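The following pair of complexes shares a single chain, chain A, combined with chain B in the former and chain C in the latter.
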Partner chain A sequence: MLTRKTSEPFWWLLFAAGGMVAALLVPVHLLVQGLAVPLGWTSISHARMLALAAQPLVKLYLFALIALPLYHWAHRFRFILEDLGLRGLRTPIALLSYGAAVLGTVATLWVLWRI
Partner chain B sequence: MTVPRVERPGLYYPKLPATWWLRNANYFRFMLRELSSVFIALFLVVFLIQLHRLPQGPGAYAAYLETLRAPGWIIFHVLALAFALYHSVTWFNLTGVVQVVHLGERQVPPRLVVGASFALWAVVSVVLLWFLLRG
Partner chain C sequence: MTEETMTLEVTRYRPGHDREPRTESFTVPYRKDWVVLDALNHIKDRIDGTLSYRWSCRMGVCGSCGMMVNGVPKLTCAAFLRDYRPGPIRVGPLANFPVIRDLVIALDDFMEKLRRVKPWIIRAVEKPVADGEYLQTPAQLDAYKQFSMCINCMLCYAACPVYGLEPAFVGPAAIALAYRYNLDSRDEGYRLREPVLSEAVGVWECTFVGECSVVCPKGVDPAAAIQRSKLAGATDWLLSMIMPWGGRR
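Moving on, here comes the complex of A and B:
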C-alpha cells in the first residue's frame, strides 16, 4: 500500500469550502453585478459600494467569497486537464493550478487592503 | 537491467482519447460541471478588478461599469450565471450523498439533507439580494 504523505487533504478541504461558497453565494452576485447593474435594472452607487467594502466584516466576507472558490477552480481545472489526457504533466499542472489560486488569494488580500 | 519507473505503482490508468466526454450525456454533464468552476473563477476575477477600481474614484469605477455593458460581457455573464446555477444545483444535490447527518441513532434521510441545502441556498440568496439592493 502507498502510505506516502501528501498535501492532498489540505487542498481537498479548500476545494470543498470553495465549492460551498460558490454554490451558496456566487449566483446572486453574478445576477446583480454581472447583469442587473450593467443592464440598468438597478444601480449601486460608488459611494455605497465604497462604504460597504471598507467595513472589516464585509472585507472578510469578500475575501472568503473570492479566494475560496479559486481553490475549487484549481482542483477541478487540474483534473479537467488530466482527464483530457495530459496525465504525463501531473506535477506541473498541479503547481500551475494551485499556484494560480495562491496568487489570486494574494491579489485579493492586496486589493482589499487598499480599500 | 533498469526497470522504467512508474509514477504511481498499483494504479491502473486506462488510455482514453481526449474526446471521451463527448461519448454520452453523463460524461458530458460531468465535464460541464467541471467547466462551471472556470466560469465562476473568471467572474470572481472580474469582481476583484471592480473592487480594485473602487478606491480609484467614481470616474474610474463608472468607466469600468461602462465596459461591462458591452454585449460581449453581457453574454459572458449570462453564460457564467447558467454555469453558476448548474454548479449550485449539482453541489446541493450531492450534499445528501456526501454529508451523512445523524440524529441520535438514526440517520437523517439524504433527501432531507438535500432539501435543507436548497432551503439554505434560497434564504442566503434572498438575504444577500436584500442587502445588495436596499437603499
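Moving on, here comes the complex of A and C:
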C-alpha cells in the first residue's frame, strides 16, 4: 500500500514532532527567557542573545522550536473543531488550521533570515 | 423491618409502538451482592417479562451485557448496586448504536468492522500439522497479550465521541484487535490489515480522547493500540516517500 489516499500521516508526524518540542523544549525557554532573565535570576544581555541567535545551527534549532509546535496546535485545533461537531466544514477547517501553521512557518523563516 | 429497595430508571423502546425511547421506573430489592444485571433479571422475572436485554455469562467474559449505567458504558454484570446507592440508577442501551428494542442494540456495524480487520492469524504459507505447533517465547506472548483480552463488549464504541460523530470510524476494539494480530510473532498479515487501518476513517480518525481505555472492563488499552498504529502507519508513509521503489517495514 504505497499510494495513500490520505495526507494524514504527514500532518500527524508534524503534530507528533511539534508535541515533543512543545513538551520538552518550550518549557525550558519559558523558564529561561520568560522568567529567569526578566526577573533578573540570571543576566544575559540582549546583544549576546542576538549574537547567539545569529549562529546557523542556533537558527535551525529556533526554527524547529518555533515552527513545529505550530503544527501541533493546528492539528489539535482542527480536531477540536471537528469534535465539537463542525464536521461539515472539515476541508475549510483543515485548510485554515494548517494554513495558519504554514504562514507561521514562513514568518519564522523571515524573522530568522533577518537576524 | 421493611426491605431496602432501589429504583432503576430503565430505557424502554418497542419498535412499532413507541415513536421514541421512554423511561420506565422499577423498584427492586436492594442486596449488597447484587449487580445491575441481577436487578434487570428481577424485573424480567417478577415485574415485567417484556423487558429485553442481552446477557449470558454473568462473569465479565461474554461481553453481552454492556449498557449505559448512569450514562457510563458498563458491563451490568460487574456494576454493583451498592456503588450507586441511594440511586436511582439510570440504565440505557449502549450509546452510539441503533436500538432494536429496550436495551438491545444492533451489532451489525461492529461485526462488519471486526471482519474487515481480519482478527485471526494469517500465514503466507500454512505449515502442515505434522510439523508441530508455532512456538512463541514468553516475551513474544507478552507483546500482544493485553490486547487479546478484548471480549467485544463494545463499551469502547459507546464511550468514543469520535465514533458517535463519524459512524464510519473503524473504532477502538477493531483497531486494538488488528494491532493484537499485527504484534503476534506467528502472524504475517500486517500488509492485509494495513489498508483498513491507514484509511482516513481508520486510525487517523481518532483524536486520542482516550475514553475507550478508561471504560474497558478487561484492562485493554485501545487508545495505545491506535496511537502506536498511527506511528507504524506514519513510518510506512515516510519510508514510501524516501524509498518509493519499496520502502516497507
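Keep in mind that, in the parts below, the second predicted complex is superposed on the first by the 111 of 115 C-alpha atoms of A that agree within 3 Å, B and C clash if a C-alpha of one lies under 4 Å from a C-alpha of the other, contacts with A are read in each partner's own complex, and residues count from 1 in each chain.
In the analysis below, contacts are C-beta pairs under 8 Å (C-beta built on N, C-alpha and C of every residue); 3 or more make two chains touch, one makes a residue touch a chain.
What you see is a predicted model; the values in this text were computed from it and never measured.
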item: Contacts of A:Leu109 with chain B and chain C, given as first, second, both or neither; value: neither
item: First (chain B), second (chain C), both or neither touched by A:Ala17; value: neither
item: Partner chain in contact with A:Met49 - chain B first, chain C second, else both or neither; value: first
item: Which superposed partner A:Asp83 touches (first chain B, second chain C, both, neither); value: both
item: Chain B versus chain C, judged by how many residues of chain A each one touches; value: B
item: Touching partner for A:Gln33 - first (chain B), second (chain C), both, neither; value: first
item: First, second, both or neither for A:Pro9, with chain B first and chain C second; value: second
item: Where chain A meets both chain C and chain B, residue numbers; value: 2, 79, 83, 85, 87
item: Residue numbers on chain A that touch chain B, as the complex places them; value: 2, 19-20, 22-35, 37-39, 42, 44, 46-50, 53, 62, 65-66, 69-70, 72-73, 75-77, 79-80, 83-85, 87, 90, 104, 107-108, 111-112, 114-115
item: List of chain A residues in touch with chain C within their complex; value: 1-2, 4-6, 8-10, 12-13, 16, 79, 82-83, 85, 87
item: Residue numbers on chain B that touch chain A, as the complex places them; value: 7-10, 13, 16-18, 20-21, 31, 34-35, 37-38, 40-41, 43-48, 50-52, 54-55, 57-58, 61-62, 65, 68-69, 73-74, 76-78, 80-81, 84-85, 87-88, 91-92, 120-121, 124-125, 128-129, 132-133, 135
item: Interfacial residue positions of chain C with respect to chain A in the complex; value: 161-162, 165-166, 191, 194-195, 198-200, 204, 207, 209, 230-231, 233-234, 236-238, 240, 244, 246-248
